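Please see the structure below; I have some questions.
Letters A, B and C mark the chains in the order given here, with residues in each chain numbered from 1 onward.
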Amino acid sequence: MFYVGKRLLALVVLLVAISILVFLMLQLIPGSPVSALLGQSATNPAAVARLTQELGLNRPLPVQYWRWLDGVLHGNLGYSYQNQQPVSVLIGQNLPSTLALAGAGLLISLVGGILLGAVAAVRRDTPADSVTMGIAMTLVALPSFWLGLILILVFAVALPVFPVFGGSGLRGLVLPAFTLGLGVLGITARFVRSSLLEVMDSPHVVAARAKGLNRRTVFLKHIARNALLPVVTIIGLQIGSLLSGAVLVEMVFSRPGIGRLLVQSILNKDYATVQATVLIIAAFYAVTNLVVDLLYPVLDPRIGGA
Amino acid sequence: MTGPATEGAKNAQSAEAVPPVLDVRGLHTHFRRGRNVVKVVRGVSFRVGRSGSVGLVGESGSGKSITALSVMGLIQKPGFIADGQILLDGRDLVGMPAAELTKLRGRDVAMVFQEPIAALNPLYHIGTQVAEAIRVHQDLTKNQALERARQLLAMVGIADAGRVLRSYPHQLSGGMCQRVTIATALANDPGLLIMDEPTTALDTTIQAQILDIIADLKTRLETAIVFVSHDISVVTQVCDELVVMYGGRVMESGRTEQVIGSPKHPYTQGLITAAMSVSGGTGRLKSIPGEVPDPQHMPSGCPFRPRCPHAMPQCAADPPLSDLPDGRQVACWLHGSTTGSTTVEEVTPL
Amino acid sequence: MADRIGEPVLADGTLALQAAEADVARPTASRWRLLRQRNFVIGVILLAIVVIPVLLAPVLSPVGPDTQNAGATFLAPSVTHLTSLMGTDEFGRSVWVRVLYGGRYSIGASIAVVVIGGTAGTALGLVAGYLGGTVGFLIMRVVDLLLAFPGILLALAVTAILGPSLVNAVIAVAIVAVPLYARIVEGAAREIRNLPYVRASRALGAGPRHIIVRHVLPGAMPAVIVQTTVWLGVAVLWIAALGFLGLGVQPPTPEWGQMVSDGQASLTIAWWVAVFPGLFLAVFVVGISLVGDALRDRLNPTAVGA
């Protein structure tokens, strides 16, 4: 219980710190925050006055922060004048698509990474090992936006299997998900391989074989389960890479999502949306890491015990 | 332990009538390293009779652990058994299909390892792991297996068996875990129990407890024991017979009182002297000068030659393991093919 | 497939053996090292393929990177002429020449990132690790906060504040590099500070500057070097990513990422405009990864596997 409590507290502190940093972002933009938020409409004195009042810009900074945070916690993420919509609506529209993309990417990276890593470990020091790890390393090094274009060229242009841009539903998800997942897959594969090797060499595996268990049982019950445990630790990191990569992938495939929203807002100088999007993504990442952290005691009896 | 030639009259008939549980003949276990082949076990032979207890003694690098693993059929790539026979109840394990070997393990021959906590899977309860060993070979339900596990734990002196069964390995002490692994090994009444340095990783007091348990089991059960250790004083407490190994070969073997009382091989003499200097008296600790040979660069001839105080030109040729009239075996030119020669004193100070 | 005891079978659990015998049973250690060395050579070759032409850009360019040729737009690659080795883009500019000059911007920017970010991060880590106490604690908490933002998110936020340009992109990516360097150096510094011979040195009256320069810095060097090789690859990818998104280099300045973005619009009719810059980028990053891997192996002999 202490394990959980400690981590929840740490999360809250982190979220507060993130929110402070994001809040300060707006202050750092050249010019006043008001003109930043209003953008084109900054010439309208009535709008300026109203926004100034709303933000309480005549008040000290901590008060402004408090008011902003209060708004955020009640669902008010600001207003995008460029899009003529509350930012919360924009995010609500775009978030599901990104989550679907990241989820599919995670699935691909896990399945592919585990398979590749397992092949390399079971056939260690054979050509199969070198080839799979070579593939893994190459995948990590490939720029995702370029990989996306290559995949489009091959699977959408040369072989018209998938739609080139946009594309809704499952078919439209395939190429972007693969683009996103393949890069992360490389990291997972290398990690799975080393984790498996470590477990395969451990005494309890020899002892299991000494009991007369057949190879399949030993692998499933005594190797795989022990080796996949550390993989959970990197899932949190993978999600970070996936969120980060989603930005690029959504731009390559013109796919709606938080990432594309963020980039377009930056280009449009829609700072309200930028601020809110950064906050949401960072918060989401922090919460996800906590969830992964909370999984350990469930999976590994050695951790967080009484 | 009986030599193939002469016997004490009493045992002559029984020797023929009851085959040994384990008969290792000329075992050669090698490891591939790059282009080379490293010969770790280079022609080891010994026998273990029913309810016998044989100690496999030697320093690290002598090949004793690899011998034990070979008997269990646990040698895998890059290791392989290059030659020899391992007769378990008369059946040769070398060349046996893996499926059959798997059936034998845990049922006819079982093993206890050096690191007790590490030999258990940290993610499963003790009960699950002991029950697993039982259910591989016996058709019992989970509850029946757990009940049997409870009995086994009691047999090795664990008072609160229920609590232990519900625990995870990391929650128990090393001594407790070793009792568990011993109990697991005995779960299916194996004819042969191999113990590879079972007390080396434990504190001395716990060591004594475990040795007591083993001695107790020895008298109560019919299971034969092979006890592998580098510590000759530990082995003598448990085993009726000793096999001294060095450089992948057997140097000397015989009944414990014979080998300890009047060691023939210079290496055995050195081991005993060193052990005695640790356990008693003052003054410098006695050790055998020199180092254990590297299996990759094994000198030709007798492996102990570089460190032997009695080395002769003859020792450039590998001395065969020959029988002595009292039923022992020695691989040393000092006791060559001439029977009954005792040109060397029983214990030579080194 | 009947496995027999005498024949090599799949490895599992073999290596749980005692020390001396274990050394015999691990013959693959040397083989793996040779593999690593071969990877190093391949990495260097790949790097050379990219870096040498980039360095020799003026020599290998018949025309300038901005030279337009209205009559030669979207020419397919042909080996007849150096100019059209990689085809031309929508303005008739030589893709080959632009890739070479673009490399100077991409690689140059990543070097700048590593130098700036690495120096700042190392300095910060040294201070935090050596001083410890409240100062060290605060510095590391700020580092943790920065690391709470996944991947490219922080860099995007910074470009949002500073505005799109190559310089700002370099600053943005450098800001992400700083906490990573700081964390690694801080850990090393903390460890080294407590080593017996360092404590002896302090007891003898050696000043902090002396200790840091003579003991802490050299001790932290291997970690810094490894991190730098990793970051040269990461930085060039992220600079290119920002360029791809339009947040880095502004046209017409060539930069690999930005060129890929240019080529995306004409992907279906002139694939070479987007593919070649990305290809050079990929080869460079793969090369750096291989070299970095081999270096890591050399400097960290105890690290096994991936």
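Basically, a contact is a pair of C-beta atoms (placed from the backbone, for glycine too) under 8 Å apart; a residue touches a chain by one contact, two chains touch by 3 or more.
Just so we're clear, the structure is a prediction, and the values are computed from it rather than from any experiment.
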Pair of chains ranked first by number of touching C-beta pairs | A-C
Which chain has its C-alpha centre farthest away from the C-alpha centre of chain A?
-> B
Provide the C-alpha centroid distance between chain A and chain B, rounded to the nearest whole angstrom.
-> 55
Between chain C and chain B, distance of the C-alpha-averaged centres to the nearest whole Å = 53
For chain A and chain C, what's the span in angstrom between their mean Cα positions?
-> 21
Provide the list of chain A residues touching at least two other chains, using ranges where the numbers run on.
-> 202-203, 206, 208-209, 215
Would you give the residues of chain B that are in contact with at least 2 other chains, written as numbers and ranges?
-> 74, 98-99, 113-114
Going through chain C residue by residue, note those that touch at least 2 other chains and give them in order.
-> 10-14, 16, 28, 31
The answer for chain A against chain C in the complex is residues 14, 17-18, 21-22, 25, 28-29, 122-125, 130, 133, 137-138, 140-146, 149-150, 152-153, 157, 164, 190-191, 193-194, 197-198, 200-203, 205-206, 208-209, 215, 218-219, 223, 239-241, 243-245, 247-248, 251-252, 262-263, 265-267, 271, 274, 278, 281-282, 285-286
Mind pulling up the chain A residues that touch chain B in the complex?
-> 202-204, 206-215, 221-222, 225-226, 229, 299-302, 305
Within the complex, chain A is touched by chain C residues 10-16, 28, 31-32, 35, 144-145, 148-153, 156-157, 159-161, 164, 233, 237, 240-241, 244-247, 257, 260-261, 263-264, 267-268, 271, 274-275, 278-279, 281-282, 285-286, 288-290, 293, 304-306
Note: in the complex, chain B contacts chain A through residues 72, 74, 98-99, 102-107, 110-111, 113-115, 118-123, 132-133, 136-137, 168, 170-171, 181, 184
